[in-house]
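One structure is given below, represented as structure tokens, and several questions about it will come after.
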Amino acid sequence: MSPKTENRILATPIVLFLLVMLGFPAVLDILYSFSEVSFENLRSPTLNGGKNFIKVVNDPEFWAASWFSLKFGVATALSECILGLVLAVYLAPIIRKNNWMIAVLIMPMIIAPAMMGLMYRLVLHEFVGSLPHYLYLWLGDSPAFLSRENVFLTVFTIETLQWTPFAFLLIYMAYEAIPSEMREAASVDGTRPWRMFWFIEVPQMAPTLAVAFFIRFIDGFRVFDNIFVLTGAGAGGSTTSLSIYIYLSFFRSGDIGKALAASVILFCVAFVILFFAGRLLRRDRA
Amino acid sequence: MRKSNKYLATAAAALLAVLPSLASAEVTVLGWPGGPEEVALRAAAKLYNSNADVSEDNKVKLIFFSRDGFYDKLQADLAAGTDAFDANLLATYSIGRYAPYLKPVTLSDNAAEVFGDAVLKTMQFEGQQFGVPTDLSLHFLYYRTDLIQELLEDASQHDKYGDISEEYLGVRLSPKDPDNWSWQDFAANALYFTKSVNSDSPTRYGTVLQLKNLLFNMMVFHSLPRAYGADWMDADGNITVDSEAFREALGLFKILVDAGATPKDSFSYEYAEANAAFGAGQVAAMMQWNAAAADLMDAKKTPVTATVTATIAPPTGPEGRFTHVHGLGLGVNASGKNVAGAEAFVQWMSTSEAATTYALNGGAPGLSAEVVAGIASERPDLVPLGQFASNYGFVMTGGTSAKALSVYELQAKEFTGFLSGGQSLDEALAKTATGMAELLK
Amino acid sequence: MGTIELKNVTKSFGPVAVIKGVSLTAEEGEFVVFVGPSGCGKSTLLRLIAGLEETSGGSIHIDGKDVTELDPNHRGLSMVFQSYALYPHMTVYGNIAFALKTAGVAKLEIDRKVRAAAETLKLTPYLDRKPKDLSGGQRQRVAIGRAIVRQPKGFLFDEPLSNLDAALRTQTRIEIANLHKELGATMVYVTHDQIEAMTLADKIVVLNDGEVMQIGSPKELYYAPKNTFVAQFIGSPKMNLLPRASYGGGAMHYQDGVKIDIGHMDGTPSIVGVRPEDISLCPLGEAELSASVTHNEFHGADNNVFVSVPGIGSLNVRANGKLDLQNGQPVGLVLDKSQLHYFDENGVRT
Amino acid sequence: MKNKYKDLPRWIVFAIAAFVMNFPVISTLSTALKTNAEISRDPGLWVHAPTLNNFAVVLQVTERLNIFSYLHNSLVASLIGSILPILVCFPMAYAVARRGYGTDVIFPTVVNLRAMPLIIFAIPLYMMYQTVGLLDTRLGLGLILAVVNLPLALLLLINAINDVPYELDEAARMDGARIFTILVKVVFPICLPTLATVFIFSFITAWNEFLFGLMLTTSEAVPMTVGASFFFSSGGGGGQWGVAAAVIIVASLPPVVLGVLMYKHISRSMTAGAVKG
């Protein structure tokens, strides 16, 4: 058997699996996005050219949802990375001696985001939740966490609290991987702690910080679970992320063509971004 | 498309060796899961299966989806021509959506005597009977007898009550017995019992509104505009949502929201949250589904307020007293494997024997006065249910159409958008009108 | 049985030619060592013989049969890897038995052969251990055991001693030499250590930059290096190469009028090579060249002396360890004329 | 003396961070241990009269909301969703790591899946599943969970195989082993620790998945995350918050237990997967 044949055989399981699981859906995605289709004619859609795309592009809600996702992704990724960095570096001296602390700190991210959303539904409830209870008790008032004005801040905080552990963990590992000789050499040279942090440690961790930011941005951008169970679409659609937009368009409004057109747009945008991110990464390495 | 679909289906099925389970010779009935409806249906099915004249092939087997996304999934299944069940749940607001996949049914001869015409109508679409009604859903006004009583008796507070209503609503009102409330009284009462309006209020909030962007919350809201004469469309099919009635109703809600008469997070509230607020003793009165009565008036489940909670029909308006009403029922899936068996079961469900069994096991059928009288001692709550349904029940014009659910969905989005301050009333109504015209054309 | 013959073998990785046409023969029972600086292609050459790499050109023959296109296991060779490449999840027994199991040999037969090999290598007490529980030398022996159990036509060793410490290396070297005697099998051995090459080899192949520099017995290489590369690569400390000079009148003429008489030559040598032990220190009066000591390394029996010669530059001299030399001290040098090596301007022996 | 308390501020920061980030868990646990009366009277963290009654209710429910069926579904689907990726990715990872095969198309495609909002496949998958009868089956759910786990599994396995010395493959080839023997008898067993890590991580991810559970199951194969949300939306009712809290705790228990026991593996695999990706 030639190596070429072997390689093909080695690749067969995953390729077949992907083709079956995602190949057909991808083709259907594209086909239906150009069709007039609803539940009534699910099996016999009629092509309608780019009408669905025009509908999506002209839908202010689509843009609102895109903006929400973008804002949410950037804001949460940024805050998670900053908090994670602070925690990792500040706590490293005691974590080194007490490994179990990691287990405590990463617990939130092991819990399903959907369950986290449900927990907050409970925790933030004015009458059965503990947080408003204490706020009333100590401050005499509690904010409307999920009101239109505050809801973004609330879901932002929830996401940040759940996923800071992720950034923390990555950054902590990178921090610990900095060769101790490097720090020792710097301190022998008389480098002060702050300078050491900014000019030696941060550059060493830069690739990890970039990766952590990127992954958190992606996950923030495609957020669904926790927001969906907590507020759904939000008052007047104020917490409609792109994922929620697609879900609602499909299932609740039955506008399958529109939902799929939005999916295809999202796919293309994601692909373009990934393509450039990949190239950037490769250039970085080279 | 169709052909390739089929090939792929065959290939995938063979590949994964997961073939749909083979036909079984029984009647599969898909019910509404997770509530008293399920228990009641199980009891009824048991009785039906024990009937000697039901052959083995026609015994009923029950299946239940989950509630979340139930209608979306049912829709997708029916559209795909599923034969996974022979009879399935129907709701008034979704009949139009499902009618194309259903077979009209013939009910028992005395169905009209058991349920009454108003209730049978909840299962009709374009003049045809598509199902047997099982449960009735409508809204009650839940209120705290202790607080209202105290207010009525304490004349010293009546001035304040008047001041508040004048300030916020522009009319001077005095406390009344809830059974005589207009929606204005409801609002005045809500404001009076709100801490931020009246610092002496024993409760934090006067009412709790369910304002989550969710279609069911729109149903709860609709009794109010209807009392001002609102409808979705007129006899000619013109959309009439941009009307004085809807403006009045939304305006009233907006006053309550802005005054803080409903909990701050109301925009994330639905059934469970509202009940929790009421049950915590921090709310004086609220509109809620009749189904909540079982929980809210049970001292075990709601220890703080159960004993001082009473229910009554919703307040009245210039056009009268109304409650949104919809029925749940069972229809026959035209693509089912055992259509005849399903028809027989549905027909049996409309008999007096079936309906009473169903009622006695926790169901909430809308029964005629004669039938309900026989079980009034066991289910006193069913008496007002039937009464309210026939006296105050309404369905918006177009409320049973194929796109009814999407209309509710649309209104939920636009109305919550307005109430939460995201857009103006004009904007919200204009968008709703445009959207509804598209959906209901 | 067991001749290995390479005919004009080439190997390129993409545009980079790593082996540029190598031909050589390992006779039956011969111990052939490939030696050369790192990156010279010696390991690649070994892997080409093993069949782990495909040749780009030329052919490989084992016992006269062309095996160029054959899979590694069909060539009848065994290989001992630099890192030993023991299967970490198998016991010593499992490691040695793996090849036989793969070949479908009967269980009893496997057992007999494995135990015999273990006995030869004194591994019997460790058969149930995993590689991680063995010392470096024991692992090494397991790797050899894995190679001999298949009774191959030839053995290939890829720097097998480089992971051992110095003491163990000498001992293992002797063991490998004994093993070679005992088995009488053809062995091809790759190393960058010329001492290993000199002590083990019947035949050394010196490689540089993908080309064979010289093939010959250790003595041939030492006493008659074919070119300046081999001359400097074999021997330690390495041979002194005097700067290029012109030849005339039976002498080499260096700068500042310094000259060395070498008598009449057939060709025109340009470079003179002299090993440190072929230069001796003498009183200035008897000196052929006068020099001064720049640095001295005391090695015990020897002194490794660096001297500076006007007109020629720095030379390395092996002197008796008992001499006491000071930096800057002037010394006289005498060259053993019979041991001089002459190379033309291309560095090829004349 | 001074040295002894040097780390005190760090411990305080740790305590605050741990408390704030885990606050919803702590609070929910407290609610789950309360009676209905106590929840509505005092929603604070302190439990005055702890009761396991809510858990009893959760575990005892049979006909209406069957938590054991949800757990069973989650278990089976998560097992499929964590073992299948290993099986399909392992040969590919070998081809990528050892031969650089598939680095131009297959590898980036799989890894980019990590960045795709997978919801875009949910809709056609729904239709496809409906056609082939995978809708509302544990197998169907497990298969898509396997897709979710593919990118990380592939990355980690490539890393793992890169860590296996190439000489071992060569030794095995000299020993007469063919590619599949090498894969199964040499590389696979050596990669077992990484495979365990991949398995744990995938299992947790699969268990926690919500969207596909919501869309692709209805009754027979509802996983625990989706099932738990039912307790809120339907069983919840007026005074059932304690039960809902208990359900959340039960639903979160398996991944948390696995995670806390295996946190070292998780942190290692996360680093590898993330940094190399």
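So that you can tell them apart, the chains are marked A, B, C and D in the order they are listed, and the count of residues begins at 1 in each.
Keep this in mind: a contact is a pair of C-beta atoms (placed from the backbone, for glycine too) under 8 Å apart; a residue touches a chain by one contact, two chains touch by 3 or more.
Being a predicted model, the structure only gives us computed values, none of them experimental.
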| item | value |
| --- | --- |
| Chain whose Cα centroid lies at the greatest distance from that of subunit C | B |
| Leader among chain pairs (count of C-beta contacts) | A-D |
| Whole-Å gap between the CA centroids of subunit A and subunit B | 36 |
| Inter-chain centre distance, subunit A versus subunit D - centres from mean C-alpha coordinates, in Å | 16 |
| Chain centre separation in whole Å, for subunit D relative to subunit C (CA means) | 56 |
| Separation of subunit A from subunit C, taking each centre as the mean of its C-alpha atoms, in whole Å | 58 |
| Residues of subunit D whose C-beta touches two or more other chains | 40, 127-128, 143, 215, 226, 229, 232, 241, 244 |
| Subunit C: positions in contact with at least two other chains | none |
| Touching two or more other chains - residue numbers and ranges from subunit A | 24, 42, 121, 125, 127-128, 251 |
| Pairs of chains in contact (touch as defined earlier), listed by label | A-B, A-D, B-D, C-D |
| Parts of subunit D lying in touch with subunit A, wherever the complex brings them together | 7, 10-11, 13-14, 17-18, 20-25, 27-28, 30-31, 39-40, 42-45, 84, 87-89, 91-92, 94-95, 99, 101-102, 106, 108-110, 112-125, 127-128, 143-144, 146-147, 150, 154, 178-179, 204, 207-211, 215, 225-226, 228-229, 232, 241, 244-245, 248, 251-252, 255-256, 258-260, 263-264, 266-268, 270-271, 274-275, 277 |
| Parts of subunit B lying in touch with subunit A, wherever the complex brings them together | 1-2, 5, 8, 12, 15, 69, 72, 75-76, 79-80, 100, 211-215, 263-265, 267-268, 273, 276-277, 279-280, 282, 402-403, 405-406, 409-410, 413-414, 416-423 |
| Subunit D-facing residues of subunit A, complex | 1, 3, 6-7, 9-15, 17-18, 21-22, 24-26, 28-29, 32, 42, 87, 90-91, 93-94, 99, 101-108, 110-116, 118-123, 125, 127-134, 137, 161-162, 164-166, 169-170, 173-174, 207-208, 211-212, 215, 218, 221-222, 224-225, 228-229, 242-243, 246-247, 250-251, 256, 259-260, 263-264, 266-267, 270-271, 273-274, 278 |
| In the complex with subunit B, residue positions of subunit D that touch it | 36-37, 40-41, 63-65, 126-128, 130-134, 137, 139-140, 143, 214-215, 217-219, 222, 226-227, 229-230, 232-241, 244 |
| Subunit D-facing residues of subunit C, complex | 47, 50-52, 71-73, 77-79, 81-83, 85-89, 98-99, 102-103, 146, 150 |
